[in-house]
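The two complexes that follow have chain A in common; it is paired with chain B in the first and with chain C in the second.
Showing the complex of A and B:
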């Protein structure tokens, strides 16, 4: 007995050690980069100057706007292309499900650099000349994630039963789509949109190789002349992205908890 | 309910032809985008890589690819992917294991943080590490004050080792994310059985945990391997071009920074990358199936 507790104490000792080391590994670079971003040229103490420099750049808002536009556009394209496809595969197209699941993995197999070299040559000029071509490529690059997340999301809902019930109660097809299917898969759609938006907001490889300027590409260009500014800009965009991701994920968690709670309540009411 | 589905099925079969094609319309937008923005560019790379000009097709671009400088780029890329996926994989698996044994609140916080950190990459990550681990960086300075001079010991951020360090920042969380589901499948009874049969912790690790978790571990590592192999932005921002990775070589070819007589060398390299990545993903598929078969 004594040996056992001793063993488990050592075990929990290693546990704290390892988790502690992990924590240090992730906090140390962030903390020291923040410190670095507050330095001033010529060692004149710490300052916020590098951060105010960011907002003085005239292209800052232009590029944020472009990136936001592209993110919204790729979210919209994802909703009108991937969502109907996955929903159909779950309802009537079961036969084609395997093929499409395989296709949806393929963009993960092709490195973005390779896709970029093809995109540069394959697109007709009127597409090459529009920055909005990027949104379509972002959607394709995101397909492995968006498709998979929708696929998993829809598997957890008895979609087919719901649709059959709605149809047998006399609802039209359109009515079934708007008031049964869409509400049922809303959280899966949200997750897919979220993935498409994060990916397109951060995409650098394809964008820079096709010589377009978006926020991440602009960061690299503007950084070349100002080391401290570039660190500040990097920390600004990293911490901004992390905060957003955490907010969205906790919102999703809250939603999920609320839903499972309300389901429990409904079941309790039904049995009472 | 079953009755209804069966009547629906017969109507589909009876109508056949055009109307059954019409039924596939929900797949159309997806398929169109996929064909035009994915399959078509890939087809173009394949075609260009074989194009010798003047209507002739041949393998000269591939012959050039198999010469020393480009093969060296492939070996460097493979080395980077191998070492970084193994390092991050082992560390990530150990962290996932200890997190798995913690309270559920802590577990969900780590799951969330892993999801967030696994997404951070690109140029900002490179700059963050320059600020921390560059010659003037904060971490380097603090370590020096503690008497550890990592640059004196031969470390530099702008090298293969440096890249492995930077990649760990998103690969360890990615490992935690993809490896945790495998741990969920473990049963507490296994440990109890081991203990009651007189097995030690080491024996439990050697004869139970490692064999059971190995396929999932392998699958996760291969996923990390693929992500490291095709990563571009961080490597480019960090090393400029001092570490000659395949994606960086392709990038310089696209930008026209490297001039060769072989105009379609970039296409051949791109096909080479797709090939390596496809092999990795096939093994990933196999190990995933192996893991699920348990």
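Showing the complex of A and C:
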């Protein structure tokens, strides 16, 4: 056996070992939590009782629905406000970019209690009285991540040239954004939307401070008297988030495959 | 046709643009006739791209106005000017196929799909890319992308076609091929075109007229032949083509005393007083080398010899600051080698001078 082959086997072995350790680190807590959530009080074996308990709880569907609505609303507000704002910053505000990059990370360092009180005071009264005000706060909390995602996406395309080309061909700025920019940074927008959705769906502190009830706040309240039920609820949320992630990813893959297929067909046509 | 060609299509009148205290453009005026191809040539930062961007409505200006077909379009935004533009950077929309890119401007104008398809096929055929209609920009070479960008700009039947250094990102061989294609298509479509470039060979080879710019001003605009043979300023003489700067002096009769010769001062040259030390601007093809050392000739030593195909360029040391370059036919140059002593003479009848 040559020294090269030996080296490559050792490298391959180390690689699998690291991968295995990583998987154990990730899977072991989840598997343990699932196993724990299936236990019954009094050690009477494994059961789905803790999961059926979730659905018997009053307000389960009300709270999960409001959380989903808030997540969707946050995503919409992100697309409608953050996408044009970051685009405009790239086009016209290059000299202020550093300032905005700094401002964008502020939600990470400002204590949530300050954000909750300050931001609520800034809201018009009719929104303050509605639970949907939370969507605006979730958008702000998600900005450090959504801004970065869009920032990277816009930096990867020749934005100014594309906008000027589109404008010189007669398109308005709005038409340029919808027909040229959004499709060109679709994956960055998808990532920003996904971040906004997951952050909104799981946000607890700010919602609790403002005395609103959403799915995470409800979980905390109802699980105080049922330890096994609370773990089952956490697993339920985790699996829900994964399903959402897989759905978004699958939608992106379908789109990507369709485009790759047409590109391959075109290449075959061109070389024929 | 000839009467149409003499019509003024574009008038740029006294345009000025400042960046803080720096003037990028000062009282710039230019007229372009219908179907004419005008190039703007000049060093980096001379304001040539600024002119093109102002005409296209992409940059604002501070003074002056712009007329197209006699109509003042000064305040119109770029999307209302109907001007096709090809950029230096690749600008095809990455999410659209080649055909969709070409059709984009027509789609914005709500032209029917049938008409769009027909027009895009015609234009893609014109740029020899009809077989790549379904390709995406990332599947095309740089040259192909610029040809599609040209087709896209022409699809809207623009009043003026604006070309902003469209060849500068391409390799040398493709540049020559595409610039010839641009000229062919421009003549075929009779589109009034403004072409901005820093490459003089590019400008001279495809344009009806070439404007040379310097420090935000138009120094001279003329046909390539006039520009090369009768430059109006020392800047144009030294910027267009290769020019030797040879130390000289003005004599009492207003002539230029250079090496061992006396030559008339060009009428286009700046005035110079008797005894003033100047640099005379002499083109390499206006110098001859021989082995006849008569009184007019200046002796020199051949230091370099570069074969350029039909021509050979020789660098001769005359004992002045830099080598003097002489162009000879390669056949004549076969008699001369590096290290030979030669006699150099100027054949120009008049000379331009610049400050020493």
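The definition used in the following text is that the second predicted complex is superposed on the first by the 201 of 272 C-alpha atoms of A that agree within 3 Å, B and C clash if a C-alpha of one lies under 4 Å from a C-alpha of the other, contacts with A are read in each partner's own complex, and residues count from 1 in each chain.
One rule holds in what follows: a residue touches a chain if its C-beta (ideal position, glycine included) is under 8 Å from a C-beta of that chain, and two chains touch if they have at least 3 such contacts.
Note that the coordinates shown come from a computational prediction; the quantities given were computed from them, not determined experimentally.
Asker: For A:180 in the superposed arrangement: first (chain B), second (chain C), both or neither?
Answerer: The answer is second: A:180 touches chain C but not chain B.
Asker: Quick one: classify A:15 as touching chain B (first), chain C (second), both or neither.
Answerer: first
Asker: With both complexes superposed on chain A, which partner does A:254 reach: first (chain B), second (chain C), both or neither?
Answerer: Neither chain B nor chain C is touched by A:254.
Asker: Determine, under the contact definition given at the top, whether A:27 touches first (chain B), second (chain C), both, or neither.
Answerer: Neither partner.
Asker: Given the touch rule stated above, what does A:168 touch, chain B (first), chain C (second), both, or neither?
Answerer: A:168: touches chain B and chain C.
Asker: Tell me which of chain B and chain C touches more residues of chain A.
Answerer: Partner with more touched residues of chain A: B.
Asker: Mind working out whether A:158 is in touch with chain B, chain C, both or neither, as first, second, both or neither?
Answerer: So A:158 only meets chain C here.
Asker: Let me test your reading of the model: by the given contact rule, A:35 touches which partner, first (chain B), second (chain C), both or neither?
Answerer: first
Asker: Counting contacts the way the document defines them, which residues of chain A are shared by the two interfaces, the one with chain B and the one with chain C?
Answerer: Residues common to the chain A contacts of chain C and of chain B are 161, 164, 168, listed in rising order.
Asker: For chain B, which residues count as touching chain A in their complex?
Answerer: Going by the criterion above, the answer is residues 1, 4-5, 23-24, 26-27, 29-34, 36-38, 40-45, 48, 91, 94-95, 98-99, 101-102, 108, 112, 115-117, 119-133, 137-139, 142, 168-169, 172, 201, 226, 229-230, 232-233, 237, 246-247, 250-251, 253-255, 266-267, 270-271, 273-274, 277-278, 281.
Asker: Spell out the part of chain A that touches chain C in their complex, as residue ranges.
Answerer: Where chain A meets chain C, its residues are 157-158, 161-162, 164-172, 175, 179-180, 183-184, 186, 259, 262-263, 265-267, 269-270.
Asker: Touching residues of chain C toward chain A in the complex: what are they?
Answerer: Within the complex, chain C touches chain A at residues 56-58, 77-85, 87, 89-91, 93-97, 104-105, 108-109, 131-132, 134-136, 139, 149, 152-153, 156, 162.
Asker: Under the touch definition given earlier, write down the residues of chain A that touch chain B in their complex.
Answerer: Within the complex, chain A touches chain B at residues 7, 11, 14-15, 18-19, 22, 25-26, 28-33, 35-37, 77, 80-82, 84-85, 87-89, 92-93, 96, 100, 103, 105-123, 136-137, 139-140, 143, 161, 164, 168, 198, 202, 204-205, 208-209, 216, 219-220, 223, 230-231, 233-235, 237-238, 241-242, 245-246, 249-250, 253.
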